[in-house]
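Heads up: the structure comes next, in structure tokens.
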Amino acid sequence: MTRPMDIRHHEADLEHAYQEVDREAFDAEADRLHEECGVFGVFAHPDAAALTALGLHALQHRGQEAAGIVSFDGQRFHSERRIGLVGDNFSRREVIERLPGDNAIGHTRYSTTGGNILRNVQPLFAELETGGFAACHNGNLTNGLTLRRRLIADGAIYQATSDTEVILHLVARSRRNRFSDRFIDALSQIEGGYAFVGMTNKKLIGARDPLGIRPLVIGELDGKYILTSETVALDIIGARFVREVANGEVVIIDEKGIESIKPFPPRQKRPCIFEYVYFARPDSIVDGKNVYGLRKQIGSNLAAEAGVEADVVVPVPDSGVPAAIGYAQASGIPYELGIIRNHYVGRTFIQPTQSVRELGVRMKHSANKAVIEGKRLILVDDSIVRGTTSRKIVKMMRDAGAREVHFRIASPPIKFPDYYGIDMPDQDKLLAAKMSIEEMKDYLGVDSLAFISVDGLYRALGETGRNAALPQYTDHYFTGDYPTTITDLIGEGAKQLSLLAEAS
Amino acid sequence: MTRPMDIRHHEADLEHAYQEVDREAFDAEADRLHEECGVFGVFAHPDAAALTALGLHALQHRGQEAAGIVSFDGQRFHSERRIGLVGDNFSRREVIERLPGDNAIGHTRYSTTGGNILRNVQPLFAELETGGFAACHNGNLTNGLTLRRRLIADGAIYQATSDTEVILHLVARSRRNRFSDRFIDALSQIEGGYAFVGMTNKKLIGARDPLGIRPLVIGELDGKYILTSETVALDIIGARFVREVANGEVVIIDEKGIESIKPFPPRQKRPCIFEYVYFARPDSIVDGKNVYGLRKQIGSNLAAEAGVEADVVVPVPDSGVPAAIGYAQASGIPYELGIIRNHYVGRTFIQPTQSVRELGVRMKHSANKAVIEGKRLILVDDSIVRGTTSRKIVKMMRDAGAREVHFRIASPPIKFPDYYGIDMPDQDKLLAAKMSIEEMKDYLGVDSLAFISVDGLYRALGETGRNAALPQYTDHYFTGDYPTTITDLIGEGAKQLSLLAEAS
Amino acid sequence: MTRPMDIRHHEADLEHAYQEVDREAFDAEADRLHEECGVFGVFAHPDAAALTALGLHALQHRGQEAAGIVSFDGQRFHSERRIGLVGDNFSRREVIERLPGDNAIGHTRYSTTGGNILRNVQPLFAELETGGFAACHNGNLTNGLTLRRRLIADGAIYQATSDTEVILHLVARSRRNRFSDRFIDALSQIEGGYAFVGMTNKKLIGARDPLGIRPLVIGELDGKYILTSETVALDIIGARFVREVANGEVVIIDEKGIESIKPFPPRQKRPCIFEYVYFARPDSIVDGKNVYGLRKQIGSNLAAEAGVEADVVVPVPDSGVPAAIGYAQASGIPYELGIIRNHYVGRTFIQPTQSVRELGVRMKHSANKAVIEGKRLILVDDSIVRGTTSRKIVKMMRDAGAREVHFRIASPPIKFPDYYGIDMPDQDKLLAAKMSIEEMKDYLGVDSLAFISVDGLYRALGETGRNAALPQYTDHYFTGDYPTTITDLIGEGAKQLSLLAEAS
Amino acid sequence: MTRPMDIRHHEADLEHAYQEVDREAFDAEADRLHEECGVFGVFAHPDAAALTALGLHALQHRGQEAAGIVSFDGQRFHSERRIGLVGDNFSRREVIERLPGDNAIGHTRYSTTGGNILRNVQPLFAELETGGFAACHNGNLTNGLTLRRRLIADGAIYQATSDTEVILHLVARSRRNRFSDRFIDALSQIEGGYAFVGMTNKKLIGARDPLGIRPLVIGELDGKYILTSETVALDIIGARFVREVANGEVVIIDEKGIESIKPFPPRQKRPCIFEYVYFARPDSIVDGKNVYGLRKQIGSNLAAEAGVEADVVVPVPDSGVPAAIGYAQASGIPYELGIIRNHYVGRTFIQPTQSVRELGVRMKHSANKAVIEGKRLILVDDSIVRGTTSRKIVKMMRDAGAREVHFRIASPPIKFPDYYGIDMPDQDKLLAAKMSIEEMKDYLGVDSLAFISVDGLYRALGETGRNAALPQYTDHYFTGDYPTTITDLIGEGAKQLSLLAEAS
């Protein structure tokens, strides 16, 4: 049997990265969902690499572990890939000067599949018979492992472990002649959720999966086209939003403009609802909707669905802020900063000794006691994942003298794993997969606990409710209703996927 | 003539630091005030160094450039000093293990006087005839340069350039026998604003300047005493707040408890009002007052003093948030997140090319257009320093479609330099020192501009107004009314002080 | 047309490396030949990785730019690859502990083809259908570029740029079933000079090119087999020399012992004569001959061929030492250290200012004036490449007062490029390719100049002379007589090879 | 009681240094003597810093742990100090450009007193009432600790732990007016062996201890004066040797030329004989004598004193080479390279696992078996310190098949500790302090063992023998005859000195 990941690379740059990321020790990060990536590409602009760096900086919330940019100067491709933040690695002039050319693509990532090492940082590059090809994507292939096995059996060699490399191999091996035909040939073999950005020596290419699970938008600056994950990456460079790439659409940008190809049978789109609830920046416009406004509306709906008498509405910063504002406005209960967030904590503060480890959550959050003491609180957060951080925050509120704590959650209970690019704990770590609402209430130590209903969430997004026959959004983490077959799970898959996940 | 700073050290660790701090390029940081330091000390606790690291982490907002901890294990002193954040340098177990012992003091700094090099990172250490002595402080001596010259003339050798070293020399040269007498002897020679924490092989020592300009509090954990700048450093480790160190008080902590000495003639205290408005963390309790509540009250008073019809109250994050909440609650105008802050920017994002430099402020802030477009805004910030960032933010609001922008500032106009430990631009860079309110309004491009009045600020702090005869707070930056003589400014001083400041 | 190297990677670790290697500035290194690599592999020994590190350290003279080790622990492969010296990167226990297992292979390299970046550091690894496969080699394929083009046309994706990756692809794509058949299938397609060491999850594999151009020996320690480039790598770990791998032989080592396969038609061996003259460490035994003894014999023959009256024999350290000792013993003229070498120079001393750059050679060598002044010198070196260093050394001798300088070279004039793994300047930089002996004498500024004759060299190696019909050694750099066709040079090859060489 | 070293600094740069220096593990380095320092200074030359870097590079054999340069540009002093080699830290243009000015002094060090941290790297700098003063020295004060205690009692604060700081304090506290009077005032209080180089904003100053124990020479380049430890630092920059600084002489160099002051009663000079035997580079001229020639002469005398029938003379490289050449020439027995040294080992190769640790000496030296097998060897080394390395080398010779090993040592037995700047193991670690010649012979496993006699050594230096009444050289390590009182040893001294030495 083929073992997909029987090598462990410990490259020089990795060592440092490892020291910093001790997730067990730094509980607060482990108790979050993580988006896999943000992508960006620009064609024919003289500041291509600098714009890409700025765009990736605006997408930093989608992945903080590593970033890369590849540029093309008309003759050669140039690549810079680094572990760490965009702002720490792509801010100096000399780095941008090593990325000459008018075309560039870039990627910022949180590692889900593929260990956190330089080899895996995107964009990846391949020299094809038709010329160079740089590529990156946000998302996850649900038949990536199956394809990987098939390609290895056929003599392909993998250096990295990301799905992007699978796509490179499929393009390289296609028997079609034109690059765009090869690319579509490759797309026709993959399944899952993805927003893809690639670049040859002549074109910038984008593609979004048939259901539009992962986001991808088109922008324009000085008459030049841009592809990126969220509108905030357009805003930072002063670019104009043109439109979303449609679900199942391939866009090919070159000197002549944008060519749109829809190679697959038309389907209703079904974007990941977590982009709205959780991942997108509040100032992003997703599918025509302002994310901050949506989250306020969720908070407002939550107040209607699960109102309670209280003295103050307190957000869990920063993720719970918009919903808390919405809740406060709808309920008339004052919005107050009962929890102060320490923004200097980064990801690196590991409690240095066992005896002070219990202080845990205080590294990042502290109670603003004067606001809390003797009060009945409505605590608002965007979600509950493992529940460990929530429980500590509730305890912190109690320690600060809260008289009552009513916990309101701006998403439905998360019960099912994701296979489309969201980094989530194993299902048996998800609190809502293990406990009833009542049990969670006791575990968290709150006086009451309520989640927004699935229909309430859909209403906040402008629907009249969830259409069970043909749901408008991808929402399996709440409902278990997966939008595609998960090919890699069939047969020995489940075990293999986790083997892949633990690879370093 | 003695030239105080005729050496430039470029030590190895410095190079890196230089790359990161290009203030001209990173306008947003240059347009802020900066506190010099935070201090922390703990006596007789088995987790002394770990508690100090946590305490310094909670004080990180008081200085992000460097940090140091010295511990004493009963036999030897151990020192770790680093350029960078507490969380990045003092988070690993092996670092804490190199700081054994039950007593420790620590310091986090923003460099005002003394270049940003490892030699200058505190705590400093001196071997005295009576044994070792480690020391650090927050503040600035207004006769530091005068003393430095006098000591050099008397054969003293300086290695670093901070005021702390002046104090070490004074203690070392005192002809008194007991350490506490030597220390008081030294204090009697210095002038200015300071909160001092020191440690010998037997005692932990704290001292606050005669007017109590800089803050210092006493805490207790497991029956052991702690000295630190703000109560948040107690909260993070679960320690109890005992009391403030009084203005002019020296506290000496040893196995027998706390000894309080008041060596100087009693004076009315006069703490720096900027601690309330600007420096202290919102959840700190300063002089019995919750800082978040005070700032909300300032916002509330501002609404009363300078109300205006509008659609939304928008804070400049994060500094303007509490005052904006206060303003919104008092005025009944909805509080909305019209500006989103990118928390990943750190201090390191230098715009990589000239052509994208104009994007400036967007690295850190972005407009939440959906909230702003077509609206009349009340924009609330805590202060205006140079005004360059404010101007860009206003322009960003206009670009996002704001119909009107009314700018409200939660502090009076800043017109005069500080000599007590606040890092401020030169007076000719302070917007309010150069322009009238009307001129500032035009410069910033707002429809109206108002600052809280000095009396309005005092009222928010619980006074009936400013007592001009004997002001309750240090407020010279607004009023020009300095609480002490600035000895170093007499004679050749002014020029010398700036010479010192440019030293690296 | 496919462009083989149209991407430039600037990975994080590379930057540092670049700073260090400014060859134009550091003339002495540029005026040397460089061996491409040293290889090492050990099977079934509990200290596999540690032994490999020690072996590579003993082979450090064969390549100082980077090193890597891959181990196999029965389940997984583990890889460590670093830019820099073995002793600086593989000396710490924690590094060795990250390389668990009883099987390991390692590689130390000087970069010829393939830029000096981490991706190119060997061993490389591929996941084949039959399991993992790690591989490295010393040498160069003379049809590597041709194969690379063919494989790309067939959909192969390259991540690195070394010939080793070509071999991996050939093995991966072979349609044979057994691994050894696949490997021989791959070997049958490659041409050039190589000593190959690879490892699967079951076997250690070695192979030497059909002419045995590059060296490979078998050793044994505690009953376990070792493959490596030179016997010195056996000596350092106390291993016993078993035999050389024969030219054209494949050896497969597993639990059952060594299997020897000779898949190609038998040919007379023809090892690279530069291994004896130049590359191998003096204490190595190559083809049964002690290298130090051979070099002394060359010096002795040189004294016979080109004797001259003089006062002292002075070696150019360290490369000229054995020949100088041989010359001195044969001629009876005293051997003296007239040149002192500074061993601290490393590769990193770049003359810091233009005005002191002329001092050049003195960074590494200095004249021992007391030995030289007023004397007639016989200066002995192993070779002349560009001649720039030789010229400076001669001038240094003159400046130190040498009355006469007679230069004797222990190899014939180097006139022709190498394609089998030796890093050499372009032909138009080779002094002997451009000048007659007389012209060189004048250029170097010596009183007389003589090189060992080709036959004299062969006699030192125990032959009666060179067999022109069927030469016993590869010696094209002296004679222009290449042992194989250089496939990559046919057609567009010559240009392509240099394109490859300048890639970074 | 004052404890001189009750702080342990672990600064950022140190960590790295610690990893590299594990002396117990790297036996070969621990079994060497180490010189404390090399010094260099140049006045009024436009390339001052670059010349200083080159000079320090030539003095690298005198100390490899750290180096520093201070320059003066007419207005300000500039300092660069680094852990590591000169070539690794002072080779880049940007470093030299940070050291502008026509005057510079520099220092390379091996740490004896004062831990290996950046604070202790020289030159040190002090701001005196008369202006800036940078200073460094080679040597050791035998009353340094006594002075340190006295100065601390008088209120002086120490930041570093080197003797140079003691001198700075004495100069700073002198009540004389002119700088040169202050400096002589300071010198009159110190005892020991030292070669001092300092620089004010007007002058370059040199001083050598009253007996001339440590070396200091004057050179000239382009009409500008240079002070440095050895003539090799003049040779590398093409400077002319002018003369030695006399014992007890102070030289003051300024625009007007050299002023020579001899402030102390004249005494016969008594330089450290180990400079000739051990420390100076072979091409140095010390006291008019070529060091290589002296060492050859010692070898020659050794052949006369302790001749033996044998087949080959084999040097222990590199230290034993000149004496071995002398021995071979005198005896007529062929000189052969029986031991090959691996120059890549640096100081950093720590045997990675216990099981391969016994390989020990082979990291640095390997037996050239072909030369040794079946032979009777005369093995020549410059000294025996602990004997551990010698023993391993002898065993290596036996393992390689030597029939007889006769060990000849080019210095007398080392039996007594040094207090003048040589880093030596404790006396109980010195092999010759513990064993008779016969016992050493057995311990080392040789067939015969002989050391040069003290008189034989003096004869090699041109004397008729040692003048016991008034010895011509400092030679206490052989004879126990110390040239000065060791003030720090009186009373509690001995213990304190070692306490100081182990401090880090």
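Letters are used for the chains, namely A, B, C and D, taken in the order the chains are written, and counting of residues starts over at 1 for each.
The rule we apply is simple: a contact is a pair of C-beta atoms (placed from the backbone, for glycine too) under 8 Å apart; a residue touches a chain by one contact, two chains touch by 3 or more.
What you are looking at is a predicted structure, and each value in this text was computed from that prediction instead of being measured.
Visitor: So which chains are sitting against chain B and chain D at once?
Guide: For chain B paired with chain D, there are no chains in contact with each.
Visitor: Starting at chain B, find the fewest moves between touching chains needed to arrive at chain C.
Guide: 2
Visitor: Work out the mean Cα position per chain and let me know which chain is farthest from chain D.
Guide: A
Visitor: What is the distance, in whole Å, between the centres of chain C and chain D, each centre taken as the mean of its C-alpha atoms?
Guide: The answer is 37 Å.
Visitor: Distance from the CA centroid of chain A to that of chain D, rounded to the nearest Å?
Guide: 60
Visitor: Give, as an integer number of Å, the spacing between the C-alpha centres of chain C and chain A.
Guide: Using C-alpha averages as centres, the distance is 48 Å.
Visitor: Among the residues of chain A, which are close enough to touch at least two other chains?
Guide: Chain A, residues with two or more chain partners: not present.
Visitor: Which pairs of chains touch each other in this structure?
Guide: The list of touching pairs comes to A-B, A-C, B-D, C-D.
Visitor: Contact residues on chain C for chain D in the complex?
Guide: The touching residues are 19, 46-47, 49-51, 53-54, 57-58, 60-61, 64, 85-88, 90-93, 95-96, 232, 235-238, 281-283, 285, 290, 292-293, 318, 321-322, 325, 329, 334-337, 340, 342-346, 348-353, 355-356, 359, 362-363, 366-371.
Visitor: Using the touch rule from the top, collect the residues of chain A that touch chain C in their complex.
Guide: Residues 2-13, 70, 75-83, 98, 118-119, 125-129, 131-132, 134, 152-153, 155-160, 165, 168-169, 172-174, 201.
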